[in-house]
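Mind looking over this structure? Questions follow.
Chains here go by letter, A, B, C and D, matching the order in which they are written, and residues are numbered from 1 within each.
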């Protein structure tokens, strides 16, 4: 482990966008670590993953302390857990709401709690959050997902205002389209050219993390060409 | 109890706006019931209150079944619990986030679950939700409150789209100002003429509940004259 | 003419919503006057109309001075000219853009210029502006219309902030649906139950004009039940 | 003139952001041309400028035809005229409104008319529009500016939806802060570290122009660290 390399943490490093993000920062010279529920690379094998239940305060604290003990405060943190629930409201249980909230909002609180004060006390950095169309709009069968993503957006805005003066760029990315993954190719009857390439998306996060302090973006919408909006 | 009168339920009937809402619908000929944590009128004594922990699925189900057994499906439901937390993020605990979420989002899920299907199966009606400035904007020291209110907004939008075709008008009110209450008079150094009169606010909910189906408002901003926005 | 009655002016009193607005304020006891390009009642005959080209500074000034000389400053002004252009951008000429801008933005400037200072110097009142879906969103074949309506929205917001402390309630109504008129019945293959009744819309303006100073709405969305949004 | 280099046009190439934009695309290998009212480099001398009144249909057509005759359809067009008016509404004349509208909206119509069809018929490209805080919000003394910038935003959204399927990325940049120029340094009592560096801003436009088709941003907010929002 190169402890001189700046630390990048991707909280929520599932086999889609998460891995692409870990790899993008790795390629850019970071000590880049993904936190995921399983901690397992599924076949691809080359990403640096740590098992961590992001909804468990102690688990997040333990991993955070360990990483910061060896690498110092992170330069970049990405919050990227996705817990998509699509179902009519009457079939969406209170548990579904709680699970999506824990997965996407509580986890952001816990991750922010661990890293933002250390980043603010140090050299600042970037805290980037993955949003979705549902961050802005509660569609019909997305009650639980939209509620959680909108709640995450409110939190992110508050963090952006709080930590901006401490040199931390808190921003969210509104992913307004379908990510091109094997899962979505089999799920959606959609030309892959109309989907978002996960490497392209990761590049946009990279650019966000490198925006100079004179020109910060706080909410970045991304959608593939031709996507209705 | 006049069981011929239509039923209005105010979930979250605290000693401010909640009571004014119960009374407004009472005045309008409703069998108007407030659900509150204590179920106690504090001195004023004339509001019809039922004790109910709105974050407890069984408690909400029990009260809902009891009320609907005698009165049928409600014509109007207002969701109005307020759990204001103002604190810097680093002093806002994960429990604060969970409490505000349970208080304002989970409670809405539980109340909606109990009443919306019955209203949709019956004659429709109105489901009105109290929002705040924080529903739209996560300000610096409002991380928990903004996250919950934004999450409630996403949920409300989703419900509005889901139940609109079933004749249920789901709308939210963005209260963008300080309510004129004894509490806020002692807390804020603000001319009461710059605050919102709770009876005026209740009147706005009443008008929302009576909008004809040809002209529904889905998000109603209210602020006192002179309020910065 | 009852010069004791408060004055209501509907600038843009075409044969749809405009007439309904004039009549609603008339019914409410106002001396209610519509300004329209032709000044002609087409058959219906009972609305008080004055011919006025709202894009002509002198014409607007002349009518305004005449009305205010006999009735004093208006209590209510509604800005309601509609100039809908639907066409692909490459077939929308610069003249189309200019015409829609003059019709909907310049006219608002001229009307506001004439009446707002007098209202502010007097007892205040309401200045209500008709918006549309296009006020918020530039759809594909609505480049000229959306540009003008969005420009009108920016102007209206600025006026709201400017005159709020002077006791003038400046608000806009976002009409997000099809008005039920004979024209739209023949144009759209749409169940009239999915259209907006112009009298219902006029009632919403009336309520806006009567909001107490403690609870002002600045942007009122209206859409018929079942309208997609 | 290297006619093999792709053509970049900056319509509105004043001595601030405009020049930085021309230079950024020049540096990136473009044949980069600025259109400005004077066509004069003021001292700096190294930017390729053409005199053009962007509010004059014939002037725009003449310049466009000339440029496209030698270079083909542009790969990048930036619309960047700024006409800031700050004044109380009652001191803002109808002419001020018309001038700001011509300067910022009509010019965009004319420029879009000349280049977008050619770009759509060719290889596509990017059409980037400079917005401001006022694009989203009509502040008190910004009635004319906000009206024009909001109108430009509506137009830009409409163009984005129209030309997206033709391979043209139409996007706007919301400049939410003060540009660091000698003019603004003397005007504002503000630490330059709180201003936006025009080269940083130009870099953001460059990145927008290079977003892959799978991840297009349509509205990019930029503000300096610490800017209130």
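Here is the rule we use: a contact is a pair of C-beta atoms (placed from the backbone, for glycine too) under 8 Å apart; a residue touches a chain by one contact, two chains touch by 3 or more.
Quantities reported herein were computed from a predicted structural model and do not represent experimental measurements.
Student: Where centres are the averaged C-alpha coordinates, which chain has the largest centre distance to chain D?
Tutor: Looking at centroid distances, B is the chain farthest away.
Student: Given that chain A and chain B are copies of one sequence and touch, is their interface built from the same residue numbers on both sides (over half shared) or different ones?
Tutor: same
Student: Report the inter-chain centroid distance for chain A and chain B in whole angstrom, where each centroid is the mean of the CA atoms.
Tutor: Centre separation, chain A to chain B: 32 Å.
Student: Taking the mean of the C-alpha atoms as each chain's centre, how many Å separate chain B from chain D?
Tutor: The computed centroid separation for chain B versus chain D comes out at 45 Å.
Student: For chain C, which residues are shared contacts with two or more other chains?
Tutor: Where chain C meets two or more other chains at a single residue, that happens at 161.
Student: Can you check the complex and tell me which residues of chain A touch chain D?
Tutor: Listed in rising order, the residues of chain A that touch chain D are 161, 164-165, 167, 169, 180, 193, 195-197, 200-201, 203-204, 207, 211-227, 229.
Student: Can you list the chain D residues touching chain C in their complex?
Tutor: Per the stated touch rule, the residues are 57, 88-90, 94, 97-98, 101, 105-106, 109-110, 112-113, 116-117, 134-135, 137-143, 146-162.
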